[in-house]
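You will see two complexes here that share subunit A, one where it goes with subunit B and one where it goes with subunit C.
Moving on, here comes the complex of A and B:
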């Protein structure tokens, strides 16, 4: 009987494990392996070259540009999204019983679910130098219109705005779950002691929601570091080549792999991306544990 | 929020009016924010119906003065848009099915069959969940190439067969909501293991599977980097890739782009509004990993 159960369990889980090994574990291992090898797609042999790819990356101006842009975008999105989401979630939670609550949640969440490319298209129109309402608005108020999507600095700003617009809904949703799990008795006590709503938000909700803030921050940062579609659509360069205006890590990686045929080199970029994500996740766990000890 | 007894005094009355006033102000702020959030999408849909002249109008009109379907006709003539949408639907449905199948069976086994070897599997699944897809998609591309499935739905599917988070979610649900006694009782009655999974476990997981299914569908529907490298022939594009590449063309005007985008947005927003509860439940559960 026990043996039969074990057989069933093994047979049932084997297909999933096989798939998992093939589409996750093997390619992850392959990324690590390739990063230490020199391989252009055409040649048969892949000589082992140690950390030479990483050494070259350190001095590669395109990679450094990509890393810088991606970091700015990731932290820019974080700085806009987290405070805004916290406040919006607090306000929505405060109005949970209003009949608009469903509308608030849906409207803020919709940008997170709609497909990236059509949504980016809406923003492309907004930022368009000639047709866009943003420049029209600026001109009405007497400001100088700007070439938003063709200026190297402004186009980064545009991508941050687009990414934040998309990330906000997710953060608000997770914060709402957090607000619902807070102990109401604490807030009632604070109210009896004469604390105003903003006070109990700042001195109770914000500290109590710290684990959630940490989690949402890491998720936002990680997806920020993986930004690609947004840059692809918004930041075409003057020749119309997608994504060239603002070089991001994933774009640089794909170009090295499929345009320059340097797969090993691209794999080492992927390892850098992985290292960034791992460090962020470790920081999250470390901070969470610290809190647990206290 | 129950009114306290002393609130019935005149001072309490003014406090209640004050509270109501604050609530109205909050509603105003929230409504304004929400409108601002959906305004880009509203304009996108409305631009799709505008003539080139009206696109230039300032301030932009929400409801076109002279609505036209010329943009839609043009874009459907320019591109195999319906085919791209079909590709995306097929890919998303198959991916959802595979993720639901693999997650439910392995989540159940990992939740209820506590063999030590399985704990190792689960640890590996959790550990790889941290790794972003972008990190290993290039080697995975060469695997798809070796299998000869580039530019096919199967090639797209290769990246979206399993979802670590799905396995985790189902396992949590199995542990929390399916009592061991129920399974033991069925075994004593002589039920086979497969029958138990099919007739007892799956129906009890309906809620969790619904949430996971919506999540999986939208994940595949909005996938970008993987379809971009795997599907490189015009006929095999997904809608995201097709649109993204179409918009880089020089001859393309914003009216047509808006029309194409609107064609994609309207069904997905409708689907989202219909499945909102499942979706919110699914997304909310991603935050409960801790």
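Moving on, here comes the complex of A and C:
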């Protein structure tokens, strides 16, 4: 009887597993395979070249630049988004009874659902060196206007700001769910013991929300490493609207695949990206997972 | 009874004839649907969409059931679409617009069919096309495409701004370009430029930066790649011509400050009076006509010569669909359509023996593109597989160099930069077995 149940369960889940394997596992496996081949996307021949693609990656200055930029952007977004989302979620949660609570939540969540390209175009205008409101504001306060989209450092900062602005809404929403599930008795007890609101936040909310922080930080970091459209739009070389191309990994992969016709080489970049994201996710799990919880 | 029968028969006949008419109408609709053909045009130049629609409209009389769908998107996205589309298989008949330098890989892999005999005869006819264009549409002696238009550069200059700066003629040497740029730059009270004297391509993505650099380099007698005696290629810019070209960029950006990377640039800046001059292809004439019709400007040939980058039309289709697609391609080369292209879009048609004077006389700006000096020279991008990679990687290097103020007054540093970039170019060629001796 037990065996029949197992068989039934297995058969029931098999179609789903098959679809999952085909759309998720197979592409990863194929990417791994391609990374060991030389393939120009057009030819039927895909000669096996071992680790030659990876060896070339190690000496490729464009790949190194893309890797550095992507890492800075991913961690920059993480460092801005997580603390800010936590604080904002706490503020919104403690103002739940306010008649503006819905407005606060919506205002913060809207950037997450806004289409990426128009949003990036709007930010491109904000950062515009000559006509942008950001420089107008700086000038009003006596600061020197900056070439936001042209300076190698500032252009990366611009992408971090844009990505954080988009990621914040989602993170706040998830934290709000976390706040709503926290036991109120603990906060009441802390209040009776004389704990102030910031103390309750720091010593109760933050540790109790560790699992939420783990989830949000993994999602934020992974999406940070996959940054592409933001860099593409902010530097789009439309007539008369120049911008410095911030090279990120996904952009470099696309360029190698479809402009340079080097799919095997691009696949080796994808493998490196996959390895980085996996390692970082494991580290986050180790750092943030509560002791004893499996 | 008879009457009743007759009546019944009549009713029956009426019903039958009604059903027959319905069936006939259905079959006609079916036949019509079966004979209706759709040709999709993939273009990498959004401004070309009205031209293809115009050609389709003209074909209506000959092919009433032909439906032409024009899908014109930005060039870089278009290239990705072709790479993915041709390898995974495109549905239906597709006319594909491709530069001769890019198509090579697709032909090497049999991804595009040869042109039919009638098209071959048309393209090979020397009264229709110069050998340069025929050869550009061929691979291993066979014709695969039909030449349509070319990208050819000239100087565009704002005559009002020239007049205000006391300049009456366009610059004739590259040295004069810098001198003119200095005079033409408008500056604010703080000395910073508010309108550039000469708009240079300094930023952005893709290979455009390297192509523009190559045009300037060509004026100094250099080229990004040069053919070698063994039929291969090597980098040809780590030399005096390369140094002069890069130094001119750096001087204008960092020393004379006639242009900065963050300034509005290119055609849009020119149309708004935010730059006094820039080098671009003839499509800008059509763009100005539609966006800034009151702009007073003129064009001039470049000091030594220009790029000539032919774009051809290829077909991916089979059977009757292929015939309809090739008919469309041939229609694009009809004199009336080519004149329309020149007048309304501005790209230069490649077909010879067509009287374009009605357009060129009405728009003197075309003069620099058609009435150039006798010793004017042309170059094109080599039809080799890694040309895009060579240019894209050079563009990435150049972007960094343009930003580096310390290079501006240091010839040794410029030489070191050029050598490093040329080494990378040669490395790409070596990897592909194309590096010449």
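FYI, the second predicted complex is superposed on the first by the 249 of 294 C-alpha atoms of A that agree within 3 Å, B and C clash if a C-alpha of one lies under 4 Å from a C-alpha of the other, contacts with A are read in each partner's own complex, and residues count from 1 in each chain.
Note that in this section contacts are C-beta pairs under 8 Å (C-beta built on N, C-alpha and C of every residue); 3 or more make two chains touch, one makes a residue touch a chain.
In this text the structure is predicted, and so the values were computed from the model without any measurement.
Within the superposed three-chain model, A:244 lies in touch with subunit C and out of touch with subunit B [touch as defined at top].
In the superposed pair of complexes, A:118 makes contact with subunit B only, with no contact to subunit C.
Contacts of A:134 after superposition: neither subunit B nor subunit C is touched.
By the touch criterion defined above, A:62 lies against subunit C but remains apart from subunit B after alignment on the C-alpha atoms of chain A. Looking at the shared chain after the overlay, A:178 reaches subunit B, while subunit C stays out of its contact range.
In the superposition on chain A, contact of A:157 is made with neither subunit B nor subunit C. Shared-chain residue A:259: touches subunit C; no touch with subunit B.
When the two structures are aligned on the shared chain, A:204 is found in touch with neither subunit B nor subunit C.
Set side by side, subunit B and subunit C differ in how many residues of subunit A they touch, and the one touching more is B.
Shared-chain residue A:277: touches subunit B; no touch with subunit C. In the superposition on chain A, the residues of subunit A contacting both subunit B and subunit C are 232, 236, 240-242, 254, 257-258.
On the side of subunit C, the complex with subunit A involves touching residues 76, 79-80, 83-84, 86-87, 105-106, 108-109, 111, 202-208, 260-269, 272, 274, 385-386, 388-389, 392-393, 396, 399, 403. Contacts from subunit B toward subunit A in the complex involve residues 22-23, 26-27, 29-31, 33-35, 37-38, 40-41, 43-44, 47, 55-56, 58-60, 102, 105-106, 108-110, 113, 115, 118, 121, 124-125, 128, 130-140, 142-143, 158-159, 161-162, 164, 167, 193-194, 197, 218, 221-222, 224-225, 228-229, 239-240, 243-245, 247-250, 254, 257-258, 260-262, 264-265, 268-269, 272-273, 276, 279-280, 283-284, 286-290.
Every residue of subunit A that touches subunit C in the complex is listed here, in rising order: 40-44, 62, 129-130, 147, 149-150, 152, 232, 235-237, 239-245, 247, 254-255, 257-262. Taken in their complex, subunit A has these residues touching subunit B: 4-6, 8-9, 12-13, 15-17, 19-20, 22-28, 30-31, 34, 88, 91-92, 94-95, 98, 100, 103-111, 113-119, 121-126, 128, 131, 133, 136, 140, 165, 168-170, 173-174, 176-178, 197, 211-212, 215-216, 222, 225-226, 228-229, 232-233, 236, 240-242, 250, 253-254, 257-258, 263, 266-267, 270-271, 273-274, 277-278, 281, 288.
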